[in-house]
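Take a look at these structures.
In what follows, chain A forms one complex with chain B and a second complex with chain C.
Our next item is the complex of A and B:
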């Protein structure tokens, strides 16, 4: 037990358990909680790619939409239960992610960012043309596949499960050998390569993990609304949201996206009646943070205090 | 519309696409900054043009010049106040900043003008055309094409014959040498982004005379610009121009075959080119090497 305490794992484990218990037990708005948890999972996945391997993606809404469509088509054509169909969504995202990597693997920096954006836009246009998936009208989930009395709880627990698995999974990954490699790439890509880290292989791993997480989150979100259409599911707004959350919270840490998510949803509820004003404010914040606070809020806190809630740094004894 | 007409129309609109790409390529080549708000600047120019034509008695050519000057000032100001603080090997901060700017611009345009489709009415010129060997081509597309060719030639002369143009190229190659020669690197960058935005603004205004636009058209314009740069090659004006023509033809032909597919065919052509070029992309992207 004492080694567990000294390892620094007690605090995050306790924190996550308390948050999960509060979400389950308190009489909160479970719809909103579900959305918060799903966007948190997406932000953690995206951050693993962009915060650690330096590949800034502007096209992860491709996976959100893809996951949603795969879930709908799996449920509607095979009759598999929605919960199991999430695995199909994850699997397809893995395969499509590999295909995308084959196209994008030589693109670096801005080329990668916009290249994947073009891919996401192509998917949106493709799905809007594709008759089998309902073209631009979208598709409705087969109502026979769900149990209306437990449905709201089911999607909430699916979202909670995904968020916990993602946060803990990213945490465990970052404490592993691979995590050390990822953090070395984050700090200095050329330096990491020079000490024998397979940069491209680690980048691919992070890319596939982020793709799978975003697809699963998209699948659960659109499962909860029972309807998916190309302009909503492949909306760049998914990507903008995740970008805002990670940049404001702090790129390249587990704590950053958690702080970012609190700020994002707090502001969104505050600006609920202001319409486009929130979007303008969101853009303005993304615009100003890199100029005045390059590490985001968590970066600022960490540079002042040296705290780490999710200890991933190796400190010499 | 026959296929020959479609190809000709594609070539004409492709000149404008080339200019979009040129703006993006100049900014990236010279200061290694990718301006994600590029597309929004293009759309902003169109809205500025609509407003100037509606509320002032200025004739169209004057409006084009005013929009170009305003865009130059905007690009200069953006570089001077924001982007010069984010120079360096890491491209991420500048991309995030311009991404944020693009969101602001897009939604401010929605607030000001609404999300409806807009177009620029330029009077009788819109419908004039010339017949040639059984084909009929609009006079306006031809005029626009000529303007884009003139702009390409102008930029070429600027880059090869003038001091500031040589300074741009030197900045692209090695900014430290540039400073030892007594140039102020930041001022050169300001002028470069001003020029990049002005070129794209003129192209955006001209495109708005041919086709409609909304506050959300910026993303499409940015992706077009990016595809032109990748297809044509970053380091060459000729590449940008030819890349633009290629993309224009692909898009117009694609739209003729599948009217609802939007820019999908442009994207597909882009990925095919990308696959073909995979093997020696590094060489192909290197600035200044032909």
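Our next item is the complex of A and C:
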């Protein structure tokens, strides 16, 4: 137990356990909690690719939409349960991710960012034309596949599970040698290759992990609304949200997206009945925070205090 | 025994040919200097050796195996490490994390964090600093240390002295004895000819992508070098 404490794992484990218990036991709005948890998972997955590996993606809404569609089509055509269909969504995201990587792997910097954005929009156009998946009308989940009495709880627990697995998984990965290799690649690709790191393979791994997480989150979210259409599922707003959350909270840390989530949903709920005020404050935050705190809110806290709630770095305390 | 051999190496950047039929070899335990003016093709040859810019024609052989078109990270794992020009440290990581990156895929061998700290005792004091906060000389030490932690059989050093004060350059070069003691062979790219001669057994001079001089460092005269370096306009 004492090595566990000293290794710095006790605090994050305890923190996550308390948060999970509070979410389960307190009489909260589980719909909102589910959405928060899913966006948190997306943000952590995206941050692994962009904050830690250095490949800035503007097209991860492709995987959100893809995951949603695969789940709906799997449930409706095979009769597989929605929960198991999430695995199908993850698997298809893996395969499509591989295909996208084949097109993107030589692109760097803004070319990569814009390239994946184009692919995401192409997917939206494809799904809007594709009769089998309902074209622009979208599709409704077969109501026979769900049990209405437990449905709300089921999606909540799926979202909670995904968020916990993602945060803990990313945390474990970053503490491993692979995590350090990802950061080395972000800082200098040629330098990383020169000490024996397989640059392309590590980048691909981070890309696929982020794709799978976003697909699973998209699948669970649209499962909860029982209806999916291309303009919603492939909406770039998913990407913008994640971008806002990670940049404001702090790129390249696990703590950052958690702070960003609190700010995003805090603002949204605060101005829920105030129309466009939310957008104005979101814009102001997105504008001011990077100006005043270039490393995001967590970056500032960390540079002042040296704290690491999720210790992934070998820094003397 | 020959550790590394280049035969008829032509390297291209797109349509531009940078080297022309370069033959070069390094024996086990030897230190070889590559000298030449800017644009002579020194760094290009290093890039061809580690697979960053593979030779279009000719072969690169390391320890009897053809590595001409092998990927950079696989060449590194075979035992060829580079201290790149401009150092290319991982700027957001600490010194120790940079060094650990070198050790991440290392071959077995004598170099550990401690033996690198013994080589550069000053590095112990700034081991927890971010690489970006260091002076040029300190960064160069970290770059050498990172390369050594891969436990290389051959260490490629690209312009160690670039942008550093002469005193600091002296400190960096003084580590060479300690490195060669452990049996590491060295290829040294250097603009400072006196430094290159004193730190090597043999040297090659390049001019516009061709080898114009090869010989034992203490046997070639400065006159020979100056002809090879600038081309002989008098003939």
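Miscellaneous remarks
The definition used in the following text is that the second predicted complex is superposed on the first by the 303 of 317 C-alpha atoms of A that agree within 3 Å, B and C clash if a C-alpha of one lies under 4 Å from a C-alpha of the other, contacts with A are read in each partner's own complex, and residues count from 1 in each chain.
The working rule: a residue touches a chain if its C-beta (ideal position, glycine included) is under 8 Å from a C-beta of that chain, and two chains touch if they have at least 3 such contacts.
For clarity, every value in this text was computed on a predicted model and none was experimentally measured.
With both structures placed on the common chain, the touch criterion links A:291 to chain B but leaves chain C unconnected.
Looking at the shared chain after the overlay, A:176 reaches neither chain B nor chain C.
In the overlay built on the shared chain, the residue A:193 is in contact with chain C alone; chain B does not reach it. In the superposed model, A:231 makes contact with neither chain B nor chain C. Contact comparison for chain A: of chain B and chain C, B touches the greater number of residues.
Of the two partner chains placed around the shared chain by superposition, neither chain B nor chain C is touched by A:77. Chain contact summary for the complex, chain A toward chain B: residues 50, 54, 56, 58, 103, 106-107, 109-111, 113-115, 117-119, 121-122, 125-126, 128-129, 136, 236, 240, 243, 247, 251, 276, 279-280, 282-291, 294. By the touch criterion given at the top, residues 177, 180-181, 183-184, 186-188, 190-199, 252, 313-316 of chain A touch chain C in their complex.
Listing the residues of chain C that touch chain A in their complex gives 50, 52, 71-74, 76-77, 81-82, 84, 88-94, 96-98, 100-102, 104-106, 128, 146-147, 149-150. Against chain A, in their complex, chain B makes its touches with residues 28, 34, 36, 82, 85-86, 91-97, 99-108, 110-111, 219, 222-223, 226-227, 230, 258, 260-264, 267-268, 270-271, 274-275, 278, 281-282, 285.
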